[in-house]
Amino acid sequence: MKGFLEYVPGDSLLHRMNPVAKLAAAFLLVIACFATSNLALLALVIVLDAVLAVQCKMVSQTLGLAKAVALFSLVLALIALLFTPQGDVLAQLPWGYIGTESVAAAVLIVVRLVACAVPLFLVFYVTKLTDMANALVKVLHVSYKYAFTFMSTVHFIPVFMNDMAGIMEAQTARGVEFDGGFLKKIRLMMPLCVPLLVSSVRKTNSAAIAAEVRGFNLRTRESGFKEYPFAGIDFAALVAAATIAAAAVALNVLL
Amino acid sequence: MIEISQLSFRYREGAEPILQGIDLTIPDGSFVGITGAAGSGKSTLTYAFNGIIPHCYPGDFYGSVTIDGLDTCEASLTDISRLVGSVCQDIDSQMVSSVVEDEVLYGLENFGVPKDQVEGRIAEALDAMGISDLRHRGIAELSGGQKQKVAVASVIALKPRVLVLDEPTAELDPASSLAVFELLARYARENGTTVIVVEQKIALLSDFADMLLIVDGGKVRFQGTPSEVLEHSDELLEIGVNCPRSTSLVNRLRARGLVDAPAARNVDEAVRACKQVLSGKGVSA
Amino acid sequence: MIEFENVSASYDGELPILRDVSFRIPDGDFVAFVGTNGAGKSTTMRLVNGLLKPSSGQVLIDGVPTTQLRTSQLAAKVGFLFQNPDRQICCSTVREELLFGFRAQGRADAEAEAKVDAMIERFGFDGDAEPFLLNRGTRQLLALASIIVMEPPVVVLDEPTTGLDFRECAKVMDVIAELNARGTTVIMVCHDMEVVADYAKRVIAMTAGQVVADGETFAVLRDRDVLARTHLLPPQVVDVSLRLVEDGAVAAASPVALADTLDEMTDALAAAAGACERTGVR
């Protein structure tokens, strides 16, 4: 997962869109995905995801991400499959049964999570964090302190993942075998949280000082050099995402 | 000009003061190299220059530090930052942006540099560090040496009077370390900026600094030009500071009565001394 | 014996970091890998103990390809000290830290305890101390101790002296030199050419994922062509010696032109000065 949530430079349409519009549209799509149980509509969102990925030339990252989300949601899907006995009986279990509705619910979970995760993550790959924070401050009048905190948190995710990878590598070199089952891996990783924690505390502390000596406290809404005006494409994207969300809600009410 | 008078500092969790009664005057435009053994207090001394003590770390602060007349105890950290630019040791956590250009822009925005000057400042700073071609690159994909140059550029864009760097070459290979020092020295010379560098690499400091400070036990043990300080190579060794090999070589030749050259600060000076030895003119009759 | 046979490697399967690298390191050797960051040195180290597997060619440890060895077997054969001790240290006491490797490899028995105690004694550690409260140099020593307490026949060191002061550096390097004197193979990446000159028997210089030179330490460090290609500066005494020859101050075969160390150079210059003055040694 090298480069997870790290900005990938580019000049695609998605790269150039207004950060706030991107974020808002992604959230509208998330709402749409959770409001509907209509597989056709979710499939439409997935197609849209694919188009977006191709548009900003991020196909391999998107596939990797979709795979990771699918694997994660598979766990949830499995739980739904085994513990929500609904519909016609397909198989008897000691504590209930697997029904047709259980299968539908399980499929829905996977499709829904993949459909809504892709646009949200793509936003981070095609938007510089600084632009996102600055646009939130300028357009939505969010306090810079909150925007900066949010930005730093996301900024540190790849740093910490990199640290964790380094720590695991060092332990592997000492003979710790991480290449076992999931639970074994988690158990082995637990003690390693100590070095990670130590380095995180050190890093966040020095990051805070570094920001302060570069005038963090002076920053106001007017400080940002770039302006973030909404263009036609931004309005179009918002309208499109809002339409999908509205359709999702409407379908839910009507059906 | 920087004036430190009777400065002592003890971290709140520390039993002993880490700095003890330091008196120091640094004229404008100096290139100051600070070194010393681990735990000698050299890093803390740099914190005194950029106001990180007493503003960021709690502890007992005695004495005074004034930078161009500004008392660092009375001024806020932000006001000190207008005069003193700092490059921290951990450059990865210092970065706030994903692209080089934005990293340089960040401080300019905060300090409210007029928007019509911003472009010029960015271009100038990147040029001074020789990284104009990296302007639109992602920071994550840069090498350690390139990142270090970005960190320095993002600070010199603010045109500080004083530049403080904490082990800027710790993670770098010899070629990049040398490049960073060369760029720093040239920038400082052209702009009259005072540079204060803490370094473990004594050979680099001796070659580039015009004032060397050796810290030991929270005190400045030796202070002067590199040649003056390197005269004391034996005493330096006792407090855990080695000399460049060029220095040791010339000091040994002198000990054998072969040459009476001053302590060599770099290979050039050592070569010169050796030539004197070889030509039989090492010692004047 | 470590053997690299036409090894190429990459992290993402696309961009090659190492291209067709071959060398062999016999038991008991002390090899320093030098070159700029990004030359492929750290990648080579990862290949030596199988953290990274070659994309083509093979890495053999005592004749066995790393691809056929389990993690614990690799760890037992090759100890690895990383540049940053804080990535390695994860236990709450010095003693636990030293025992960690034995636990990971499933051999934390009475013999292991005895070795740990001996190591604590030898390094003068406080066994109950909290590792994260120790200073940087001591943490590096602890990280090193926790590797060598396992007595691997080969140790790999990735920039063992970075971030240490002169005394700490000497302490760490003396432990390594002693280890080598007792037969352990030492392979290290090092940026400090003075340290390389003082300790290594052999130097392998790399640039852009390939080996540029491989030979006796001073044979490599005196080669201006190799130094230029790998962007390295020679140790200062070697630099002085080379410059004196280049400037025509001494003949190419004179003792000054062959002096590698501070002692050799001082003696050679003294002798040359004496001969020049025809007054003997002053």
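Every chain is named by a letter (A, B and C) in the order it is written, and numbering of its residues begins at 1.
In the analysis below, contacts are C-beta pairs under 8 Å (C-beta built on N, C-alpha and C of every residue); 3 or more make two chains touch, one makes a residue touch a chain.
All figures in this text were calculated on a predicted structure; none of them were measured in a lab.
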Those chains which touch subunit B and also touch subunit A: C
Far-end chain from subunit C, centres as C-alpha averages: A
Subunit A and subunit B, separation of their C-alpha mean positions in angstrom: 42
Distance between the centres, which are taken as Cα means, of subunit C and subunit A, whole angstrom: 42
Subunit B and subunit C: spacing of chain centres that average the CA atoms, whole Å: 29
Subunit A-facing residues of subunit B, complex: 50-52, 56, 76-78, 80-81, 84-86, 88-90, 92-99, 102, 105-112, 115, 118, 136-138, 140, 154-155, 158
Footprint of subunit C on subunit B - complex, ascending: 36-39, 143-145, 167, 170-176, 178, 200, 202-203, 240-242, 244-246, 248-249, 252-253, 256-258, 267, 270-271, 274-275, 277-280, 282
List of subunit A residues in touch with subunit B within their complex: 3, 6-9, 128-131, 151-152, 155-156, 158-159, 202-204, 206-207, 209-219, 223-225
Complex interface listing, subunit C residues touching subunit A: 11-12, 46, 49, 51, 70-72, 74-76, 78-80, 82, 84, 86-92, 100-101, 104-105, 132, 146-147, 150
Partner subunit B, residues of subunit C touching it in the complex: 35-38, 135-137, 162-168, 191, 193-194, 231-233, 235-237, 239-240, 243-244, 247, 249-250, 256, 262, 265-266, 269-270, 272-273, 276-277, 282
